[in-house]
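The structures considered in this document are given below.
First subunit A sits with subunit B, and in the next complex the same chain sits with subunit C.
Right, the complex of A and B next:
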């Protein structure tokens, strides 16, 4: 068949400079090359796709499935209950309190961390300060510490009788200050301080990196036009690193939900009397210590949808035309 | 050639990434137990001859490492292997639930688990609620390996008749009682001697002492975490209404929380909250609880509910001059009334998913042998006392005084809240004991606490496991 078509080619396209046989060879080679290439691509991607499916997609779908069942973590028997776990959740005041705490942490920790990280980054990259590198390292250190170490450090800081914080406050006040930092009324503030302290250095270093790429000439011409430091920060620095802020903001919101669990588990165990319980720690308690695994998975689904929705919202709200320089 | 290499590389990458997800080996993980050291042994390294499997097979034992330490467990396992020829693969850890939890979710269960109820992770309670524990009533009539006595002849009376060992109230035993410890109020006996105070015999005397101590800047009471209130509350229920009230209350009988006895219990706890050292709730978590225990050692609080393990747990802690451990049962409600000390004990049990249940039962029987009891009592960081007859005679030091509490007039309280099938968002600790933190902080009233208990109790009654 191929030969006959080649014959036709020869008859009708006599003026062709290359022979048909040569085209055939090249075509076959190209095709083999193409299919070899696709095979290579498929093989390269296969690992990631398989791993992603096995470890991400299937477990996530499984969580959605299990949230519709009454079951325990160590037992194989399960009973399908439709959306009963979710309707119970809506009436569970402990769950509502844990969601409120989660939202409080997300909002306050994000605002404070980002505000301070941006200010420190601007100061360290734009101003001439002695020991810039020293500050950069000092701010970054908390980020490389494990949460368990951080919780031990803050256990000493927050100690009511001999803690650093109360001793410092007593020194300035001139009278004994005995604030119960891990007491019911202050425990969320204590968590917020620890989480901000831990996260600030990482984001500061990230912003310093993107601020370093903003051309110096822009600042020079702005100062010639009479723009002060603050104006330069809001009119030049912020808009030009906006893409970076946007990306880190989404990262940070998701990581705050996760980090809150670790901090609560290591620092307060959710106490006193559930005052510092967050969504994921409550989910863990329900799934593993209260034998209501399906209920725990329903909380997992809520947290999943919540973080998904929040990320989409933050992405939409912070959308700007990207500026180039 | 390039293509071949590329394909080979890609295949190698895929294979190496998936290799980590490989299933478990079918080879038995058997190996002879090592000398000393509490951790499970690492399988023989590549190139070495695999260890000879023991003649009687291998069982996997998982034991919680508490203030008693873990070295004694290795010795007991070695003694068991020497006696029966069954090798033991031992896992001990302070956070045992985290260590064995994930493999159990994958269906790989230890043959024997030694844990205590009332822990934060509530693994034992989970298995009880799921009815996932093997019945061991037959172990009681087994002969202890290496001896000619039956297990039931060795275990002291009452220990295998409580809700902790027979959780479903059907007369069948599912959990073996381990390491008992009288619980009560611990104090600095040296301070009492110095001030000329006497240990209160009734709650009225307790409040009087509280006022005297307050005048000297000392609080009457503290507690490590609210988890320690279980033993306290059980003993309190016994001393207020006796065994009858205790049984009704722990089975959530309708209207029980409206009775005069219940009201007395609630009033005592609420009043005690007002006498509690104010920093206690802020430190009543798993990380800072020793700071609350330290309050007693520093003479900042007089009493705390605890168990005999406290001596070992705080052995290295600094203390006030002349400090000396003292322990008393809960005061009586009225003069001349009964005072109770809760007998706290841990449990060993066989999960339903265990592969070697017969060997596991032999292991549990062996735990009551003279050899095992001796090792537990002498080789731990602090003595772990098995609930066997005649063991208290062999004790010395502080422990002799602690375990003599029942000889000095205090009655023994045993039992637990009855098991119920899991209820979403509801468990005993959050309903009964965690609110004590709020009572002390003043963010919850006694009435709110009681209301919470009543509504939870109704749901628990409806879900009782029979």
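Right, the complex of A and C next:
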């Protein structure tokens, strides 16, 4: 077969001084000498590189550059102010509050989501549950809905007078409950509930997939040794999928910073009185709504550095020897 | 005795598990179902018990949302933007991922690292710089031809969507292309096919499963996206996508209390994604692990 191909090849490319033996030996490498190869590569890559550069690299570099300038809405002139934007930022109590809210959301949403997702995934993948597929399909639904939709749904749930949550609580208490779910004291709790609701299914489905690859024999021998369900979960399941948990944890923390922005923007607009402002929503407010671009970009730089530092920290803290099975 | 005790403990545990699972499922189903129910209620029904079933099927909500709240127009915009962005994305990302994963050339490692780095750039950070860039572009154009082009243009929005989805898409496609054996191309080259023909006729058809995954995930993110759309389509009377129009309605709703229209609008946004999800749910939940995470 190889010989015949080679003969064909020789007939086709007679004008070229390639020896057939070289092709057999080097395979694709021999093709590299064909003309038009570099032109083909350039053509294939050009559009992607241009789009990526124009709409991602340049804007990213611009964040850092603009954070050192003052630019107002109605003129394109920029004034270089060194680190003035950052020193102002350090004294801005609204910014500090928004960072506190961001950290609160990261910690609580991550702990609750991961805890619940791991427990439910362990149950669904270990026990013989009827309708397992049905539960999996349902749990994934929040992930495919737009944050705008989820926010509108939760606004209806949280409505003080006609909301489903208050009416449910009234039913159990036997008295009218009128909690201001989106009031200053409860707004962060409301955000946390909505964000956990949105994220939990995705991580559950992901952990179910990785738990399914843990060999059944390990559990069988553990249960012969008298290990209960909890021991099995902590001694077998968790250590064996640790690499996956670690990766998703880093990813989740970064995405929580972004999801918090999406939820706040659609659900509360940072209100009331900035009680639910998070870092990125404050950046957007400063940069887009107030048109103080330099100041907004300085916030962007801070959040960027914060998220990088945090993911490096999480990576370092969760480092374990990977276990093989 | 021992046996029955163990058995009853077991059943209790099972019952508890089912209860927890059903509770979680209910907290997900009820809010979604509630929106569908609310979308056929009359406006007066929204005061009082929120759990009351709708008195009748009031489809006027959908008609009002469609024309009065401009949801029909917004929906068409969303369809155009999503379809166009997917098309641009595939046309740009497929050849790029193919060359990046299967050709040796100078600068390949650099480009790969660059696109990988792009995975860490979130759109929310760069949306304002993109906006400013387009503002400057419009100012420049106004000086020359008299009117702007970049802002309030759904085609530019589609382009931005495609560009920001590039890193993820290239990462996914490249890792798939890298698994294919080189024999296919060798055979094609020897039969006299050029690089382009080989790529389009041999490689792309083989990549169909991962192309479907790419389309699925990006469809969901483009259809549901609203931060970029809100920023780049800033004209209040101009074109909008469905989520942005909906968000306007939620904010207006606090003042004007057009509940019926609002929930009808919500159904319009949810329905396409839900239908798609029901059709391809298996694919979607499988595709999640495609990134190659080993437990």
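One rule holds in what follows: the second predicted complex is superposed on the first by the 263 of 325 C-alpha atoms of A that agree within 3 Å, B and C clash if a C-alpha of one lies under 4 Å from a C-alpha of the other, contacts with A are read in each partner's own complex, and residues count from 1 in each chain.
Keep this in mind: a residue touches a chain if its C-beta (ideal position, glycine included) is under 8 Å from a C-beta of that chain, and two chains touch if they have at least 3 such contacts.
Note that the coordinates shown come from a computational prediction; the quantities given were computed from them, not determined experimentally.
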Partner chain(s) touched by A:40 [first = subunit B, second = subunit C, both, neither]: both
Which of subunit B and subunit C A:290 touches, first, second, both or neither: first
First, second, both or neither for A:146, with subunit B first and subunit C second: second
Partner chain(s) touched by A:266 [first = subunit B, second = subunit C, both, neither]: both
Touching partner for A:180 - first (subunit B), second (subunit C), both, neither: first
Touched partner set for A:85, first subunit B, second subunit C, both or neither: first
Subunit C versus subunit B, contacts on subunit A by residue: C
Which superposed partner A:236 touches (first subunit B, second subunit C, both, neither): neither
Subunit B versus subunit C as contact partner of A:58, first or second or both or neither: second
Touching partner for A:205 - first (subunit B), second (subunit C), both, neither: second
Doubly contacted residues of subunit A, that is, touched by subunit B and again by subunit C: 36, 40, 43-44, 47, 51, 54, 151-152, 155, 159, 266, 288
Touch list for subunit C against partner subunit A, complex: 14, 17-18, 20-21, 24-25, 27-29, 31-32, 34-35, 38, 46-51, 91-93, 95-96, 98-100, 103-105, 111, 114-115, 118, 120-122, 124-133, 136, 139, 159-160, 162-164, 166-167, 170, 182, 185-187, 189-192, 194-196, 199, 220, 223-227, 231, 243, 246-247, 250, 262, 266, 269-270, 273-274, 276-277, 281, 284-285, 288-289, 293-295
Touching residues on subunit A, where the partner in the complex is subunit C: 5, 8-9, 12, 27-28, 31-32, 34, 36-38, 40-41, 43-45, 47-49, 51-52, 54-60, 62-63, 66, 76, 120, 123-124, 127, 129, 134-142, 144-149, 151-157, 159, 162-164, 167, 197, 200-202, 205-206, 209-211, 213-214, 240-241, 243-244, 247-248, 254, 258, 261-262, 265-266, 280, 283-284, 287-288, 293, 296-297, 300, 303-304
For the subunit A and subunit B complex, residues of the former touching the latter: 36, 39-40, 43-44, 46-47, 50-51, 54, 72-75, 85, 88, 92, 94-95, 151-152, 155, 158-161, 178, 180-185, 187, 266-269, 271-274, 286, 288-292, 295
Residue numbers on subunit B that touch subunit A, as the complex places them: 3, 6-7, 10-11, 13-14, 17-18, 21, 97, 101, 104-105, 120-123, 125-127, 129-130, 132, 226, 278-279, 281-288, 291, 351, 353, 422-427, 430, 434-435, 437-438, 441, 443-444
